[in-house]
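These are the structures, in structure tokens.
Next, two complexes with chain A in common: one pairs it with chain B, the other with chain C.
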Partner chain A sequence: MTVAAEANPAEHYAAYLGAIRSGDRRRAFQIIDEARDAGLDLAAIYLGVFQPALREIGSLWQNNELTVAEEHLATAITQAAMARAYERAFTWRTDGSRKLIAACADVERHEVGLRMLCDLLDLEGWHTTYLGAAVPIDSLVAMVRRLRPDVVALSAALSPHLPRLRAMIAAIRDALGDTRPLIMVGGRPFLDDPSLAERLGADLTAQNATDAVRLLGERVSRAR
Partner chain B sequence: MSETAVPHLAPCLAGFPAAVLHLSAGGRVIDSNGQLERELRKAVIGERFAEIIDTESCGEKWNRVLAAASSTGAAASTCELVLADGDVILEPKSFSVLWDADLSIVWLIEHPSDHRMETVRQQVTEVNSELANAQRDLVRERARLAQALADTERSNRALDEFAHAISHDLKAPLRSVANYARWIEEDLGAQLTGEPRAHMELLRTQVERMRAMISGVLEYARSGRVRLPAEVVNTNAIVEEVIALLDPPESVTIEAAPNLPTLVAEAAPLRQVLLNLIGNAIKHSQRPDPHVWVSAQDTGTAYDFSVRDDGPGIPARVQDKIWMLFHTLRPRATQDGGEDGTGVGLAIVRQLVERQGGKAWVESQEGKGSTFHFLWPKQTGSQKGDGAAVTGKALDV
Partner chain C sequence: MDSVTVEGRAAAELLARKTSLAQTATDALYADMPELTTRYGAVGRERCLEDIRYTIDHLIPAIDLTQPSMFTAYVGWLDDLLRARNVSTREVIRSLELIEQAVRNELAPDEANVVASFLRAGLDSLGAVRREG
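Entry: the complex of A and B
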């Protein structure tokens, strides 16, 4: 195990990428455990290890160096590694007053980003409900009506999914009018063009999960 | 070379369960076996192939593959592409890209996918996601329970402290009441006769009773709090200690079975439980020659101790109530010679036994005596003689 004088995600990132590239689940878990032991907190692991590793996996696919099957395996391992890191980090301190519902617009499963947001908000004391990928719009609206969240977070990994995202936002606006929750969007298309969020009818977007946590902390007060 | 001169696909390829295309060197679709049209719901012949792939994810990749094919003359490569048109976006497809240098055309042959495998993959993904949700719910629930446990322990401690403070504070004014009563008696001397004298005695009795109750509260609070290291305990020896402590009159017979167990346990609470039960049996016997039997049975995971008496028995309707704090069948026991009628003894028994993970109950019929049982769980090997481990056990539940 490497000894990190100051916790630096970069070295763990390289080792982690190697492990998920070769589909080595146990090695990947071990690296994350070591990163925790070296003093990295959950946000640092999510943004310094998982996020760049999965982006790199995506680039490798784009470069024809990896198959979709390998990409799926890397994502699945990362989902499990996230759950493991989350388990070690979580301490109960919900104030119960701030609620968020998260859903992917995608029919495919680029859901890791939203999962990161939910996990980090949980640690901040939020109550989050993660609905997953390809949620029917009707179900999403029904869920929002029932749970009355402060925020609905929606993500789209690819621009062809943006029309569906717009339809989701419009359905929430129509159904709840002035009482609607804050609508946050994220995903690769918004990294390139943040103004897209407003054009689709959303209230805000963020560059990554920690930015989103900070922005939501500013916009949503603890006591309603 | 003109695109029209290129040969068309054999008609039988229409039955191939995946896309087969050929493209001009410039990347335009010349012919298709019809699969892609069905999936994209549009005609593709004549289109530039680059326009029906998802540019964002695959544009550059496709350009590189095409350039490599025509410049290096490589016979074949494999390439995964996402095809899309407007709102329609297809799952990634794997193609063999074959470069026919003589004809300057590119053949694209999709690797047929097994739809059963696709279904399996999709379901695995969904299950994976559900598992991740369930796992987080579990983590949150576990953390909530740990918090609730900590809260409970804190409030228990606060209650103990409260009981301690209250008992302590109540004793001072009570001592004053007792003192004033004694002074009044002394001042009045021989003048105190008849009913006033009787009232004065009742006053003293009640003060004494209240003092005993306050001590009982203290004892009860303490019995729930203190944990001691476990040790090897011989129950027969404990019963002998208890008899010595009670020092009963000669008319009382206490019979302990000779084979009472030797076990690993906290000695003090076990001694206290036996003391309270045997003491009660004598105290409430209502006969000149009380008889008490102590025995135990090994149930495998615990010892089932019993203390039987030949006293008056306990009516069924109050058998639950006797375990409650300050509930006693004979509140005026102090007046007819008993030394303790506060109703604390059995409450302490139950609390001590339950602290060990056991339980206490009574079997009785009016006029036929009573048998008090308590289950004392055996300790597992890792806890033997280890006070810290024993204390830890309570937190592990």
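Entry: the complex of A and C
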């Protein structure tokens, strides 16, 4: 869509932040519908509206300007708004060959970044399996064995979850050896220091969901 | 965690003793600064215990991965968060010092030295903030 290049996420971002800050779900949905109508594609809405809005909500909480309840509400509204935006962008087109399994190392919350990656890959024709947070490691490994994905994407939002992330990677490597999938990691600790990815046994990391989609497109071939 | 390196052992010990270390440091902080009880009450003391546990949670991966910047970034974040809630940098500094004291009492000297060096990096980063501010 040529309109997308002209559409500016910044104005939608400000309005969207105002809506989730005050817990107004209807208004938040309306703003995202308007952003779609203005020509913003899903990636622009995810990275230009949702992601900066949630980061700002986190800062507002840190500065004691929002309560934990208000922060959770803003996240819940955003998850619903993401599902709604995804539904509107959805197509049945798939190449059916490239597969990815995604799981968060965190035991709670902070699942939004990985959800964004899965949605954007879906639109590129990938088959993604999103498991969210708190997946037991043995059950993750069993699913990797069964589905044989090209990629396993793992995220850790906070450094205390890194030991669990490393254990997940080690378990996948142990179980599948040479036939293991490509392992991608993401989250705040890897933004601060991308070299951590390799130290934890992963193959690659990316700065955001769009970069991850591009990187995986280059690394994983379509036809098999 | 690597059981061969001193960092790996220190991280494993911190993980195993997290609860008692946090309790010891919290008790010491309240003994040291009795005004905290009147200012924050019993709820404040529970919060303080949670915060100190959370600090140890962030100390563990930083030591395990020998990445001091991971811990100093957390300390900066914590200080901003607490100052926004009227908890002074002085209290954060004291809590880090008392975690060190608790660690020195519970861990082997070589492990305690490693933990202390990471806590000092955190203290230094707060010192820098204070000088600028």
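Annotations
Methods note: the second predicted complex is superposed on the first by the 219 of 224 C-alpha atoms of A that agree within 3 Å, B and C clash if a C-alpha of one lies under 4 Å from a C-alpha of the other, contacts with A are read in each partner's own complex, and residues count from 1 in each chain.
Basically, contacts are C-beta pairs under 8 Å (C-beta built on N, C-alpha and C of every residue); 3 or more make two chains touch, one makes a residue touch a chain.
All values reported here derive from a predicted model rather than from experimental measurement.
Look at chain A after the overlay: chain B and chain C clash there. In the superposed model, A:159 makes contact with both chain B and chain C.
Of the two partner chains, chain B is the only one touched by A:83; chain C is not. Within the superposed three-chain model, A:111 lies in touch with chain B and out of touch with chain C [touch as defined at top]. Of the two partner chains placed by superposition, only chain C is touched by A:199; chain B is not.
Using the contact criterion defined above for the overlaid structures, shared-chain residue A:133 touches chain B, although it does not reach chain C. Touch criterion met: A:122 reaches chain B, while chain C stays clear of it. In the superposition on chain A, A:37 makes contact with neither chain B nor chain C.
When the two complexes are superposed, the chain touching more residues of chain A, out of chain B and chain C, is B. In the superposed model, A:63 lies in contact with both chain B and chain C. Looking at chain A, you'll find residues 62-64, 158-160, 163 touch chain B in one structure and chain C in the other. Taken in their complex, chain C has these residues touching chain A: 1, 57-58, 60-62, 64-65, 67, 69-70, 73-74, 77, 80-81, 84-85.
Chain contact summary for the complex, chain B toward chain A: residues 54, 56-58, 60-61, 64-65, 77-80, 82, 84, 86-89, 91-92, 94, 121, 124-126, 128-129, 131-133, 135-136, 139-140, 143-144, 146-147.
By the touch rule above, chain A contacts chain C in their complex via residues 62-65, 158-160, 162-163, 189, 192-193, 196, 199. Of all residues in chain A, those touching chain B in their complex are 61-64, 67-68, 72, 76, 79-80, 82-83, 86-87, 90-92, 107-109, 111, 115, 119, 122, 130, 132-133, 158-161, 163-164, 188.
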